């Protein structure tokens, strides 16, 4: 089995496992289950964890250049090994987005925006859960209910930062830093997408200065070749030129 | 009657209805009218609501592909049906902007900026009204007067977020989230417009590297055709080339 | 005397008047002078005000199309007439920047950045003075010293917005809104300048895809004309083509 | 010894000195050493300071145009002379980044991002240390531990600005201003990099409108020359044209 085949086959089961993990996680944080139920939930989380470890190891085995793969996927190792990064396993759910995308089709900008919106929403929900879990029992905590945590997450990710609620525990602040970084990235994605769209539209409207296209120049080349042929030029040279243009075009 | 005709004919009446809605809404929130007056205002709001429903249904009927139209206009259904999204009906007032625009004429960037400024101003006013309505009666509310609500809205939409005032009710926080998202969009629009302008200006200044235009290449093509004609080339081939260039140019 | 001559001749005197205004304004706010000194300062401010009114009226007279000029310079009318916009007269000091610029020379991006930095610095100082003047006597004010006002202005213009200090008077909040808008513009200018620089550099590095320049195509055109001349083409046609290219280049 | 040789030779020793400075600085602030140890640390800092002065003076001597070099390196003079700017000497550590970069290789955008991330991280650590040093002994300070200072620095650089912690001393506020400016720059770099990437990708995808490249036009030129050669054109003219194209290409 190749690396690509493994990825295609495990895509949906792993997304399902991540969804299961989200469900169990939310239930553990929000429902604050009794001792036996909590133990059961912990078992389920461990099973899902083992699935992710198996996936990680299998992909490491199947990779063409293992050393390189290892270095380029250090973040996955961190997600699998460090307990605090556990919620990040949910990013696997972005697979669902990639499926939606495929059915919709669409251009690069649309895909970037879809990922940004879905990723941000997912991050807000997960960060709220993790924040509630971290802060709830601190003595001077201001974030003590799930709606409060959600509100705090939105205020943070938009970089508004009222400060009516803010984390006080080390874990809570670590989660907050992640959300702030996501907020900067979100601002960047929104702005960049708008800028790219405007640059393109303005270039299209400016008809007098529209850049000559490769097709046009290739057409010119054909005309000159035709002219040479009429005057008795060499075929071999024309052939060479044609292939030369194709190379440039396919780059 | 076609879809376009309906839109053109209802454009101004609906903008007027939205303006009336804004007036009644502002009067209800700021004037806090007596029981009989409040009932009258409620009746007027319901009449305007029915107008919007009629508009929605008529457009659904007139649409070429109803299924597709329904999916692409789900946000309009939400605005018409959900009571909490009621103030969004005022976005209809952007029609007035589109009219101003038409008389001014002008380029894409100008239009984007005009919409951003007008939309943001409208949103600040409406969000302030809605926020005041939502927060006024909460026991620990900090936003209790209209000037306070306006100040809070500006602080939020610019993502400054002092936190001297912040919403405490669920409805108020929902309104705030909308305003924050608008704030990110506003930042994006301002930056993107400036970036697009700078990219264009810098490209224009850089004379040594100005891109060859389609007109130039089309001119070259004409020269080569003239040369072939002088040497006795075929007319049919020239015809083909001409139409080919037109296609590229019109795309 | 033409409009341009008037502008060139009054440029420096008016910048001087603005500087004098800044000095008097800062002294009035920070020194809180006695009654007679205050009256003297008020007189000096009125003299400067009359200078600005004369400048405004003279330019209105000298303008080619007075109606159009009036509409396009409504903001100047507002600055001259409304007492609250008085500090904005200091924007005249940007003239000094434009002089520095001329001696430095330099490209568009550099000029944009210079204006942004100087304008922001000027705005921070002036807004701090105005804010101190507006808030000082309010009962629940938090901004009561000049260093505090400066700190608040920087926190606001960068959209950080701690909220440790925030205005409470209507005038103070109006000044704050101006500063927030400037903050969004500043963010936009910084980002747009960086983006424009990156887009240009990346395009230059990407040698394989560098766009054909107008010079190159003009050179091609010259080659084809030479070929036609060798084959006995018509001079008149070549002339037409040459002028055609010039038109395109100069647009 | 030339300027470039001196820079290459002192690059690593000076980065080492900066690292030593960071270590001593962190130890002084966090460990709050006894009197004799503190005196020792102060001596070590002075030695490092002398190293930086020697480097500054030597480069001034070796510079081609000393007056120009002096004006363009005024910020280095400020860093060397002003005691408050001392921590900025640590920016020398960015040399390490430039080394990492060289081994990784990579494109312009990648380098910009690497510098932004490393510089921001370094700045956060140094600003936290300096802030703790400045605020610790103030009576109404809220930033009194190193984790608090780190948390404050991240909240500030992302422009979130909760305001749960904020500096109260003049030195602390000066450090904060530096961090806010860095935050705006960071937002700008992130957005600009994304925008540049999107603009490039969208341009590449839009195959129908891809700009004609210089290579293509140079190829065309070669075809026309070949045609002229076949018809008995002049070699000297072809030579001239060839060199002309090279000039354009190398600009």
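Order as written gives the chain letters A, B, C and D; numbering starts at 1 within each chain.
Quick note on the criterion: a residue touches a chain if its C-beta (ideal position, glycine included) is under 8 Å from a C-beta of that chain, and two chains touch if they have at least 3 such contacts.
Just so it is clear, the model here is predicted, and its values are computed rather than measured.
Novice: From chain B, how many touching-chain steps at minimum until you land on chain C?
Specialist: Minimal hop count between chain B and chain C: 1.
Novice: Since chain C and chain D share one sequence, what rotation angle in degrees maps the C-alpha trace of one onto the other, as a multiple of 5?
Specialist: It is a rotation of 90 degrees, to the nearest 5.
Novice: Same or different interface residues for chain A and chain B, judged by whether over half of the residue numbers are used by both?
Specialist: Different-residue interface.
Novice: Comparing A-D against A-C, which pair counts more contacting C-beta pairs?
Specialist: Counting C-beta pairs in contact for A-C and A-D gives the edge to A-D.
Novice: Between chain A and chain D, what is the separation of their C-alpha centroids in Å?
Specialist: 28
Novice: Just how far, in Å, is the C-alpha centre of chain C from the one of chain A?
Specialist: Roughly 40 Å, centre to centre.
Novice: Quick one: which residues in chain C touch 2 or more of the other chains?
Specialist: Answer for chain C, listing residues that touch two or more other chains: 159-163, 187, 191-193, 195, 199, 208-209, 211-213, 215-217, 220, 224, 227, 231, 248.
Novice: Classify the chain contact graph as line, ring, star, complete or other.
Specialist: Topology of the interface graph: complete, with all chain pairs in contact.
Novice: Quick one: in the complex, what on chain A touches chain D?
Specialist: Touching chain D from chain A are residues 107-109, 112, 156, 159-163, 166, 170, 173, 176-177, 180-181, 183-185, 187-189, 191-193, 195-196, 199-200, 210-218, 220-221, 224-225, 227-228, 231-233, 237, 241, 244-245, 248.
Novice: Under the touch definition given earlier, write down the residues of chain B that touch chain C in their complex.
Specialist: Per the touch definition, chain B meets chain C at residues 147, 151, 154-155, 158-164, 186-187, 190-195, 197-199, 201-203, 205-206, 208-213, 215-217, 219-220, 223-224, 226-227, 230-231.
Novice: Spell out the part of chain C that touches chain A in their complex, as residue ranges.
Specialist: Its residues touching chain A are 159-163, 191-192, 195, 199, 208-209, 211-212, 217, 248, 251.
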